[in-house]
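There are two complexes below, and they share subunit A, which is joined by subunit B in the first and by subunit C in the second.
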Partner chain A sequence: MKRRISRPGEFIKGIPIAVWLLALVAIPLLFTFIMSFYSSSGLVIDRTLTLKNYKLFFTDSLYARILFKSIRLALAISVLSIAAAFPLAYMVSFKVRRGRNLLFMLCIIPLWVSYLVRIIAWRTILGNRGVINSALMAMGLIKEPLTFFLYNQFAIAITLTYICIPFVFIPVYTALEKIPRNLLDAANDLGANELRTLFNVILPLGLPGLITGFIFSFIIALGDYIIPLQLGGTQGIMFGNLVWSQFGFAFNWPLGAALGFILFIIAVTILGLTSKFGSTEGGFLGE
Partner chain B sequence: MKADNAIDLVNVTKKFDEVTAVSEFTVAIKKGEFFSLLGPSGCGKTTTLRMIAGLEVPTEGQILLEGGDVSSTPAYRRNVNTVFQDYALFPHMTVRKNIYFPLKMKKISLSAAQPRVKRVLRLVNMEGFGNRLPQQLSGGQRQRIALARSLVAEPAALLLDEPLGALDFKLRVAMQKVLKDIQRNVGITFIYVTHDQSEAMTMSDRIAVMKDGLAHQIATPDEIYNNPSTAFVASFIGDMNFVHGTVLDNDGKTCVLDVEGKKVTAKRAVDLNNGAAALVCIRTERVQVNSPRSVENRISAELSRIVYRGTDYEATCRIGRAELRAVVQAVAWDAALRVGDTVELAWNAEDVIVFPREEEKDVIKYSVEAV
Partner chain C sequence: MSSKRRASARGRGTGLKIYGTLVFIFLYFPMVIVLLFSFSPTRTIVGLSGLTLKWYQELFQDPGLLAAFWHTVMVGLCAVAIATVFGTAGAFFVTRVEFPGKGVFRALVMLPFLLPGIIMGLTLLIFFRNLNVRLSMFTILMGHVSFTTPLVMFQVSSRLLRMGPTYRWAAMDLGANPVQTFWHVTLPMIRTALIGAGLLAFTVSFDEIVISYFLTGTWMTLPVYIYGMMRFGLSPKVYAISTIILILSLVLITFMARYTGRSAETYRARKPDG
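Entry: the complex of A and B
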C-alpha cells in the first residue's frame, strides 16, 4: 500500500524535514558541486567554469592511486568491523539471558567518549613506549620496541575498525533481535545444529543489518582523515587527507571540492548498490 | 517401555529455577496413536512437548523414542518434528525451500528430495504453492505448509503445539478433520497440545489432562468424559453441575448422599466414608426436566432461568441453596415452562459422580462452550 500525502496535515509535517535536508545537505552539496568547476590561482578563486580539476584527477595517477588505496583500506576495515561486531551482536542477542541491556550499553559506550580521545588512546597503546611494547618488553619477549604498530596502514586499520565497531554492532544487533526466536527452535527441531542454523536462518535474516553496518563502516572509513593524519605516518595519506589538505593548506578549494565530490559519488554508488539488498524484508536469499 | 511404543516418558520432571513446570510425568504413547496433552495455560503441556522435541532438557526422568533413550540427545538429532503454534516458517525461503529444509539438513540433494516435497504438498492439498513465500499465504495455508515441512522427513512422531490456535472457528473445525485424516493416512504418531477440550475430544485416541504440571488423568475421551478421575478433569471437560452433598450410606457399589435435604443415589464405587463431605457432579445434558422415564433420582426444583441456545435450552433450577443446570434438546423442551414454575429434575444413578469436597478448589469455575 502506498501512503498518499495529499492531505495538508501530512504536507505540513513534511516541511521541517524538507527544510532540514535542504539546508544541511542539498545546498552545501550544490555549492560544492559549483565550486568544483571553478579554479584557483594563488589565493584567488577564478569563477570561470572549467573542467580543469576533474581533468587533473583523471590525468595525474597519484589521485587514482590514493583513491584506490583508500577504498581498499575502507573495505578491509568494514570486513574487520563486521568480523568483530557480528559475533558480539550474536552473543548478546542469542546467548545472554540476564543483563542484556547492560551489555548492549557497554558495547556502544565508546560512542560517548570523544573521537579524538579514543585516537590518542590508541597511540598510547600502539606507540614505541606504548602498552603493547611495554608489556612485551616486560615479559622479556623483545629487547627493542617493535615499530610496526604505529604510523602505517595497520595502525589506521585497527583504530578505524575500533571506531566503526559500535556503528556495525547497532544495526546488526537490531536485525538479530528482530528474528523470531521460534525460527531458531524450528531450525533446531528440523535437524539443523547451531552452525547450520547460523548459515541457513540467522545470516540470511540478519543480512539487512549486516549491509547497513557495512555501509556505515565503509563510509566512516573512506572519509576519515584525522586517524590517517594522527596514526598513519608517511604511508597514511588517504583520499580524505587529500581533500582536507586542499581546503586546509593548499587553499585550492575548487580542487578540494572536485575531489570531495568524486568521493561523494563513489560513496553514493556503493550505498545505492548495497541498500538494494539491505532494505528487503526477506526473500532475496533462498539458501 | 516396549519397542512398539513411539514415546515413553518415565517420571519426567521439569523445573525452571524453583518453579515446577512438569512433575513426574509418566506415559507410554503407542505407535500411530493420536495423543493429546490437554489443560489450561500454564499447565505444563507445552513444556512437556518441548522436552519430547528436545528443545528443553528434563530436570529429572527419561524420555524414550522408539525404545531408545533420547533424554540427552539434542533436538536436531531427534527423529521427531514439531508444528509450532505460529508455524515458524522461514520467511526468507519459498514454500518449497521450507519443506526441503529438514531433508537438506539430512544432506539429501534437492533433486532427490523433489518427489518427497511434492508428495507432502499433495498430502496437505497445497500443490502449486511451492514457489510462494510464507507471507503470501493465509493462516490456514501456512499451517498446512508447516505440517508438510514437519512430515516430509517422516519422523517417528509429530509434535503439534496448538497448531490451530490462531485460526478462526470454522477453519479450525475444518482443519481438525484435515489433521485427523492426514494422521490416519500417514500413520505417524501425533502428540497434540491444546487447551481446547472439544478439539482434544474429537481428535484424540487418548488424552492426558494436565493441571499445574500434573497429569490428572490419562485415558480415552470416553473414559475422561464419563469417569473423570478428579474434580478438575470433571470441570475442565464438558459441562458439569457441582453441588455439595454429604455421604449417608456407602456400601462400595452404591452411594446415597444428602443434597439439600434430598436423597441422591450414585451407582459407582465412591471412596468416602459415611458422613463425609462430598462434591456431587452431574452432567448438565443428563439432567432431565419433567421426564416420564423412571430413573433413580427425582428431585423437585424451582426454575430460575431459561436460556435458549438454538439446538437446546439451558434451564437453571434451584434446590434449596444449590443450583442445577439442565440442558434439554430444543425438540424435547416443554415450551409452556416459565421461570418460577416447579419442575421435577431426574437423572440416572450411573450419571452421578462423587468426589471429596476438598477437590472443590480445583474446579474450573467458568464454563466455556463456545470453543
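Entry: the complex of A and C
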C-alpha cells in the first residue's frame, strides 16, 4: 500500500507536541550529549571538548564492573518477575471464570501503589528489627537478629521484583487473552495434555508479551537508583547510583552526563529491539 | 462445544492456584505491614498492643509535611492540565496526519515514559542549569509534564483509533465545521478517555520521585519530603503518611478503572474481524 502524506496545512496540528518534544526531550538530551564532552576540575566545568569521560568509562574497570553487576542483577529481577507473573497471568486468563475482573484488578493495583510506600514496606520487613527478624525471634528460632536480609543485592532484587511484577503481568496477560480459545480446544482434541498445550501453543503465541514484560522490568531495574540507595547498602552500589552521585556529592556533572548518555544508549537499543520482537500494543499504558 | 472437557481441564491446576495465591500474598503482605505499623503504638509488630491514631495526629502538626502535600497536589493538577492539552493535540496529530517516519515520531514521544527516570531527571537538570533556570516548582512541574504527556497521548490516541473517522465524516457531511465537529462529536466521544488519562497522570505525578529528586531545590513535593524523613530511620509518622497515600491511590485507581474501562473484559480477544 502506498503511504499517503497529508497536506502541509495538516501539520499545524503537530506544533504543540513538537514544541513539547523539543523542549523537554530533544534539547535536554542534546545538552547532555554536549556536556558529556566537557570536563570538570573541582567545582568548575571546563567547556573545552574532550573524550576524557568516555575514555575513563572504557579504561577504568570500576565503571564496566558496576555496569555489568547492574545488568546481571536486572536480568535476575526480570527472570524472577516473569516467574511470578507468568503463572499468575496464565491462571487468571485460563483457569478462572468467576471473579476474573477482581483478580485482574488485584494483579495490577500494586502498579499504582506508591513507589516510596513499597520501599518503606520492604525496609520494614527485611530490617534488623524488621518483621522477619522479630517473628523469628518471637518464635525462639534465633537469638540475634539476622543481618543478611537488608543492605545487599538480595534486598534490591526482592523490592524491584515486587515493583516489576505488575509491569510483566499486563503485557503477558494481554498476549494470553489474544490467543484464540479454539486453538486450545484443537490441541485438546488432538490429544495434547495441558503441559504440552502450554509449551507448544500458549508459550509460542504468548512470547511477544513475555518479551515486552521482560524488557520493561529489565529497564526499570537497570535505571533505578533510589532502591539501591535505600536497601542496597555498600554492597549494592548500582550503575544508577554511580550516575546519580556525579550530580550529588561527587559533583562531576560532565562525567555524570557521559554515564547517563551511555545508559540512554543501552535503554534505547533495548527498547528498539522490543518494538521489533515484543508486542507493542497492550503495554501497561493500554486502554 | 467441548465445554465438558474444558470444565474438567479447569478443575485441575491446584498447584498453580496455590502458587498464584502465594504471589498474591507476596504482593499484598507489604501493604498490610505498612497499614498495621501506622496504627501500632509501639514500633514492633510482635506484641502489638492496641491501636493508636497518635501518628496521624502528629502528621497534622508537621507544617513541612502539609506544605509538601499541597505542593504535590498543585504540581499534579498543573501537570495534568498541561499534559492534557499537549497530549491530546499530539494524539490528534498522530492519528490524523500521515507522514513518513511516524512510527519513529511516536516512539520518540513515548520516550519520557519508557526511559528510566534517572535519564529524564539528569537531562532536564543539565538543560535547566544551562539556561540558568533555578530549581523551583517550575522545574519540577516541567519534569512531571515530560512523563505525563505521553501517557495522555497514548490513552487518547488509542480511543481515537478505536472510534475511527466515520463519525467525524458524518458530522462534516451534515455541514458541521471542524470546530463544531470537534466540540459536538469528537470531544464527547473521547471524554471518558480524557478523564481516565487525567486521573492516571495525576496518580503517577503524585507519586513521582525519581525525576523530581533531580529537579528539587528547596521547594519540595511530598515524595521528596518523605524521602528526607526516611534518612533518619523509619518513624511511625512515615507509616501513617504511607497509609494515607496508599488509600488515596486506591481511591484514584477505582475511579480510573471506571473511566478507562480497564478491566479484564477489555483485554479479551475480540472477534477476528474487529
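The rule we apply is simple: the second predicted complex is superposed on the first by the 253 of 287 C-alpha atoms of A that agree within 3 Å, B and C clash if a C-alpha of one lies under 4 Å from a C-alpha of the other, contacts with A are read in each partner's own complex, and residues count from 1 in each chain.
FYI, a residue touches a chain if its C-beta (ideal position, glycine included) is under 8 Å from a C-beta of that chain, and two chains touch if they have at least 3 such contacts.
From a predicted model like this one, the values you see are computed outputs, not experimental measurements.
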Review point. In the superposed arrangement, does A:Y162 touch subunit B (first), subunit C (second), both or neither?
Key: second
Exercise for review: Determine, under the contact definition given at the top, whether A:P28 touches first (subunit B), second (subunit C), both, or neither.
Suggested key: second
Check your understanding: For subunit A, which side has the bigger count of touched residues, subunit B or subunit C?
Key -> C
Practice item. In the overlay, answer first, second, both or neither for which of subunit B and subunit C A:P180 touches. Key: both
Practice item. Pick one for A:D189: touches subunit B only (first), subunit C only (second), both, or neither. Key: both
Exercise for review: Would you check which partner chain A:V201 touches, where first means subunit B only, second means subunit C only, and both and neither mean what they say?
Suggested key: first
Point to revise | Those residues of subunit A which subunit B touches in one complex and subunit C touches in the other | key: 180, 185, 188-189, 282, 285-287
Practice item. Please name which positions on subunit C make contact with subunit A in the complex. Key: 1-2, 5-6, 9-10, 12-13, 16-17, 19-20, 23-24, 26-31, 33-34, 37, 43-47, 85-87, 89-90, 92-94, 96-100, 107-109, 111-119, 122-127, 129-130, 142, 145-146, 149, 151, 153-155, 158-159, 162, 193, 196, 203, 206-207, 209-210, 213-214, 223, 226-227, 230, 234, 238-239, 242, 245-246, 249-250, 252-253, 256-257, 260-269
Revision key, fill the gap. Seen from subunit A, its contact residues with subunit B in the complex are 180, 182-183, 185-193, 196, 200-201, 204-205, 281-287
Check your understanding: Which subunit B residues qualify as touching subunit A in the complex?
Key -> 53-55, 74-77, 80-82, 84-86, 88-94, 97, 101-102, 104-106, 133, 135, 149-150, 153
Practice item. Would you mind writing out the residues of subunit A in touch with subunit C in their complex? Key: 3-6, 10-11, 13-17, 20-21, 24-29, 31-32, 35, 84-85, 87-88, 90-92, 94-95, 97, 100-101, 103-110, 112-125, 127, 129, 131, 134-135, 137-138, 162, 165, 173-174, 177-181, 185, 188-189, 194, 219-220, 222-226, 230, 240, 243-244, 247, 253, 256-257, 260, 263-264, 267-268, 271, 275, 282, 285-287
